[in-house]
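Structure first, then comments.
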Amino acid sequence: MNLWQALEPAQLITLSICVPFVGALLVIATGKVPNLREAVTLITAAILLSLVLAITDYTFLGTTLELDVVELFPGLGISFNVEPLGVLFALVASFLWIVTSIYAIGYMRGHNEINQTRFFCCFALSISSVMGICFSGNLLTLFIFYEVLTLSTYPLVTHAGNDAAKQGGRIYLGILLSTSIAFLLFAILGTYALTGTLDFRAGGIFDDSHNKVVLSVLLVLFCYGVGKAAIMPFHRWLPAAMVAPTPVSALLHAVAVVKAGVFSILKIIIYIFGIEGLKDLVTTDVMLYIGAATIVLSSCIAMTKDNLKARLAYSTVSQLSYIVVGALLASSIASAGAALHIATHAVGKITLFFCAGAIMVASHKKNISDMAGLGRKMPITFAAFAIGAISIIGLPPMAGTWSKWYLAIGALETDKFIIVAVLMVSSLLNIAYLLPIPIKAFFSKPAEGAEPWRWSQTKEAPLPILVALTVTSGCCLAMFFYLQPLVDLVNLIPGVSTK
Amino acid sequence: MAEFIDLVLLAMLALTALRIIFLKDLFAVVMLFGIYSFLSALIFLNLDAVDVAFTEASVGAGISTVLMLVTLAITGRKEKQSTHSSLLPLFVVLVTGAALIYGTLDMPPFGHPDNPVHQHVAPRYIEESPKEVGLPNMVTSVLASYRGFDTLGETVVVFSAVIGVLSLLGVRRKKKKDLESGLESHRVLHVVAKIIIPLVILFALYVQFHGDFGPGGGFQAGVIAAAAFILYALILGLPKAFAVVGPRFLQWMAAAGVLLYASVGLYSMYMGGHFLDYNQLATDPVAGQHYGIIIIELGVGVTVFAVMLNIFYAFGSQAERSNVQ
Amino acid sequence: MDFLDIVSSILLLAGVFFGFSGAVGLFRFPDFFTRIHAASVTDSIAAILIIGALLLQTSFDLNTAKLVFILLFLMVTSPTASHALAKSARHGGLLTLAETRPQDKQGSAK
Amino acid sequence: MLEQHLAVLPIILPLIAAPLALILGRSIFSWGFATLVSGLAFLLSWQLLAAALSDGVLSYAVGGWAPPWGIELRVDAANAFVLLAVTAISTLVLVYSKHSIEKEVKAANHSLFYTAHLLCLAGLSGILITGDAFNLFVFLEISSLATYTLVSLASDRRCLTAAFRYLVMGTIGATFILIGVGLLYMKTGTLNMLDLAERIDLYDSSRTINTGLAFIMVGVSIKLALFPLHMWLPPAYTHAPSAVTAFLASTATKVAVYVMIRFIFTVFGIDHVFVDMGMGLILMALAVVAIFKCSYMATVQSNVKTVLAYSSVAQIGYLVLGLSLVSVSGLMASMIHIFNHALMKGALFMAVGAVFYRVGSVDIKDFAGLGRKMPLTMAAFTIAGLSIIGVPLTVGFVSKWYLVIAALEQDQWLVAALVLVGSLFAVIYIGRIIEAAYFQKLPESRSSENIKEVSWLMLVPMWVLVIANIYFGIDTSLTTEAANSASEWLFQTNSMLENKVMEGEVLEGHAIEEKAQEVSS
Amino acid sequence: MSFILDYYNYWVVVFLMMAGFYIVISANNLVKKIVGLNIFQTSVFMLYISMGKVSGGTAPIVVEGVTQYSNPLPHVLILTAIVVGVATTAVGLALIVRIKRAYGTVEENEFDNKDDVI
């Protein structure tokens, strides 16, 4: 698995951040020749995956990978430190980037999108900053890459350039930047003022000497400061960002960006507060129940949405809060569930988005009510959709089962029965808003008044799209049976265990 | 007696100021301002500040008033009724005034020889400067030597003023026949002016070089010399004045004055002293001080003359333009 | 108090008197030309008398010379200034009191 | 020779160059000469900073007269640091101004422009370096007069009223300073700042001294456009020629802030200003209001220069906030922000000037579609804009970091939060412009116009500042070190002075009367 | 009584300053504003000169037999300040002339645009 043994291990971090960045530059350089440009994207993605695999190798071997790049403030700078949680996230992101790139090529060409060079360039930039978030060694580094991620995805959101896209972009940037500057930066600075350090340390950096009230406030600030985690009421940006092209929604708003959010929260809780330290704080429970409320409420909102991408977006909001809840339960097993959910939800949700995009490319349909009977024309797409939906719901034999399982066990362990109930209700709601879509598509007749000539021409989406969604839906299935490597990885996280 | 005169003059000043506040006729306002300046010059004289009185009389009552009058010739002489409320300004002024009155309460008593200002720093000027600098006029010693850097700054301020005025108004060169300017028909004025102007220039030179011993110096001399040319320009018209000293030449002069001043400083640096250290100018420090002061006063005089005259040219050519229109 | 002092005081008082009357005239006279007449009383005769008085107070040194110069200067400039003012006013079309008063009114006023 | 006179050279170099630039007459010569001189001044101030960092303080007695009788120039880390920023910006702006001025100022006035610029630079350097309270007033007036001239040189008639308003306000401010200095002089008999500091402490609760303090503070506040005395600034910055705005926005108010720092820390002393007079709370409140009110005003303007002008007033709030925290780190945050804000605003105004150069207007609607037509200019604008917002890896972030940390150190959690919330406004007002530039189409009416990138002479200085924005956002060692030693130095002098008085030891002047001895012997 | 004798000068000077200040901020006409500025500044000069006075002293020019001189330093400062004042006045008036040409008025309430009001 390790193709990079010749290199100094720490340099792998540099490379994994630089490779997508260089890729972005090359994309600009080759912008005039689309085939070459797409080749650059794919090759970059492949190199990145191999790098991350190599890092994973080292992580399992127990090698610590650390790198201090530059000192911004005395004793504080951009530094990287590889730890298992980050590796998990990096694996998910880099693997899905390849798949998404394949998909994006089909989608962008099939849809005749404008500004494709800008699109692929920003895409690579976002991946670069996601890698930075994964491997960040302190809060400052995390914050910096978090902001870079926000800014580099902004052009992707406003890609269409029309009024709706600009409006969406404003909400996106407005909420994400505002929360990060007003809350997250404030919390980081507060942490720094209290402890004098921002390093991620096993067991957290706060100790008993710190005022619990202040820490409680900081926890709230951190949770809301990471606006990308979309905890209500700061979730509006996520549906707004759905104006972006579907590959963006798929990778960034189902995987990279939102997962960067919950990953940050998870990382902050594990390495800044410490899972043990969390138990003493008043606001842990408050935030826990807000997370639970987010799960239920956004599922309910998802039911009312007819636009497929909007429904999926609210579904994402709901699923993100699973991870937040898992982290805030302050138990090692729930945290493991949360970490695993990053991976399992990612493959599930990306499948769903791929399908939504495929439907859009093939039949130009956005609304669920128009999709009745479409399953017969696009069987592969809707089969994949069904697999993804089942994974999200958490039914065997799909990947989502495991993470929900651990979450539920964690909730039971800590005697938070309300959370258990919420998980159950939410699963039911998931069934109610996701499963009808493939069922109707396969078993209903097309609605009256549909355009017959168009209907007859509809067929499966282009090959790259089909390949991509087959791969991800296959993953949903495979991860149910072969989750062990990931579980091992999660068990390496200090204070977290599946047992 | 001095206190009594002081009080009378202050009362007159207060009346003048009050009158200015309420008058709407700007011509009268400007004339009253001239009177105000002149009265304050008298106060300065009464308070032993002869140099300041001299300057205030020539600048405040002289140049400033002339410039304001020329401006009025262009802008008109009536102030319109104000529309906005005068309550806010009144409030601001009352607060500021109250603060100042509050500040006066701890002030050292007026005219008392034991006041801190007379105990620290100044005694050295009074006791040592005749020996160190060698001039009887302490004001000139302090101005040109101890605080020569301030005076360099002052010269540069004047220079900046001409830069500002020229960039705003510019001086238009006109052909002589373009328009009839000056006061052609005033025979008497012509004759008298021809008598007086040389005398005024002579007086300016006296003030320039006598500044070391009595009140006066480069600044006052420059203003007086400029006044002579202003008189010439008023009576014979700007084109003729331009023929005597043109605006372009005046620009050069203004620059040259500043450079003359600064070059003294540079030379003293070259001789191994600090900037503007006149002791280095000659083997005998006191003689060096003397040379230095004479040269820098000349620089000040040249710059001030050139600037004041050039500013007048700029305003004058604007006023003539508006007369023609 | 010697003789010179007495002469000087008399001159001074006379000067003050003329100066004062000039000021009164400036306020009380009806039109421009009459007022300029009053004003020129102040800066001609009053000034001469006062400077003359001061001359007697000096001990005939540099200050005397300065005063003489001031006197000469005033004697040249102030009549010229009054003249220039009056002429400009005339030039600008300002009429005297007699000219502004209509003929018949002049008759009835008597 | 050079080392000996290092302190006086940055003042007299532009001072002497100004008349020469006028004599040169031709626009191109004046430009080249002024740029050269400004560049030399930059090198000198670099030397000066190095010397100040290693030696602590450089004192220079002009005319060879020992202070307090003569005028003293005092260079320490603090003013050398600000001077470095001022001369650097001046040089870059001069390079930039050649084309910009050709477009915005009529040809006859070009050499006057460069003369006035040099005069302004000389004035600002003088304000920074001088150690004499009255000399400060003189240099303040040199720079102010030059500034009024510079503002009024634009072709739009509104620059005239703006300049007049500036002149009236500025003169009132200067007169207030004059009154304040007079009151201090009356009570102490000296004008030398260090000497003043020693003697003021003898009269801790004197009403005259307190009034003098108040007048100086109000006067300086007018000059630095502290809310609510900022009304002159937005019109002046909006209507002045772009190069002038770029220069003034990044230097003039900064120098005024330094004057305030100097008066508070080395003349009056912290205890006097903050403990006895309670100025800290007033300044802090005004600063916070300035941040919010003016940031809000910036979001509703349609002229981009006005937007940035209001943003400047808001940023002045940050500067004042830092020093009102009364701590080494707060002062350091202010010093860093003085430098950093100069970098950001310089770049922003240069970019806006470039747009004006090509488009002839700087309304937000005229920015539509410029992202494609002028990619380099708009990229510069975007990066500098992100810096204003305070995005990491830019200098804006560094400033904000230190400011908030300083506030937190003093347990001012509310202030820290307000600072961050206030900076959100920047997201809005910068966002509006960037959105117009990149995500709106060029209007039909303009598509025929030949809008293209500006020449390299304008781009290079702009990008130097942009790169500085990023460089000093990553490698903060230079700014931090200089600002830190500057603020520590200011605090040290302050405590040193206070100790002296507590020990009852009042110095008669602080130097031996070498001069007097020389003469008598 | 001695209290009043000690301070009357300052108080009148303060009154004069405030009169000038009031003219600056309340006047409608720009020329009058400049006149106000001048009065304001001239009055400040009086404050300085007042503090330099020594009762029974003479002008600071060395004369045989005189020992009590007034303080020369304020005189020097004010000489400089007067020059600064006239420089500002000249630039201000030049601006007024240009404003008159550009707008046709120098009255504050006659500017069409609210932004131009000074």
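Labels for the chains are A, B, C, D and E, by order of writing; each one numbers its residues from 1.
Assume a residue touches a chain if its C-beta (ideal position, glycine included) is under 8 Å from a C-beta of that chain, and two chains touch if they have at least 3 such contacts.
The structure displayed is predicted, hence computed values, not measured ones.
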Chain grouping by contact, computed as though chain B were missing: A, D, E | C
item: Chain pair showing more contacts of the two, B-D and B-C; value: B-D
item: Label of the chain whose CA centroid is most distant from the centroid of chain D; value: C
item: Most widely separated chain from chain B, with each centre as the mean of CA atoms; value: A
item: Distance-to-centre winner among chains (Cα means, whole assembly as reference); value: D
item: Averaged-CA centre spacing for the pair chain E and chain C, given as whole angstrom; value: 32
item: Euclidean distance of C-alpha centroids - chain A vs chain E, Å; value: 70
item: Averaged-CA centre spacing for the pair chain D and chain C, given as whole angstrom; value: 57
item: Mean-CA-position distance for chain C and chain A (Å); value: 99
item: Sites on chain A at which at least two other chains make contact; value: none
item: Overlap residues in chain B, where contacts from two or more other chains coincide; value: 100, 104-105, 107-108, 115, 117-118, 121-122, 125, 147, 150, 153-154, 157, 160-161, 164, 168
item: For chain D, residues that touch 2 or more chains besides their own; value: 134, 138, 141, 145, 148-149, 152, 179, 185-186, 191
item: Touching pairs among all chains present in the structure; value: A-D, B-C, B-D, B-E, D-E
item: Touching residues on chain B, where the partner in the complex is chain E; value: 2-3, 6-7, 10-11, 13-14, 17-18, 20-21, 26, 29-30, 33, 36-37, 40, 43-44, 47-52, 55-56, 59-60, 63-64, 67-68, 70-72, 74-76, 79-84, 86, 89-90, 92-94, 96-97, 100-101, 104-105, 107-113, 115, 117-118, 121-122, 125-126, 130, 136-139, 141-143, 147, 150-151, 153-154, 157-158, 160-162, 164-165, 168-169, 213-215, 219, 304, 311, 314-315, 318
item: Contacting residues of chain A [partner chain D, same complex]; value: 70-74, 140, 143-144, 147-148, 151, 155, 158, 161, 165-166, 169-170, 173-174, 177-178, 181-182, 185-186, 189-190, 192-193
item: Chain B - residues contacting chain C, complex; value: 183, 185-186, 188-189, 192, 195-196, 199
item: Residue ranges of chain E in contact with chain B within the complex; value: 2, 5-23, 25-32, 34-36, 38-39, 42-43, 45-46, 49-63, 68-80, 82-91, 93-98, 100, 106-110
item: Contact set on chain D toward chain A in their complex; value: 386, 389-393, 398, 400-402, 404-405, 408-409, 413, 416-417, 420-421, 423-424, 427-428, 431, 435, 438-439, 441, 473-477, 480
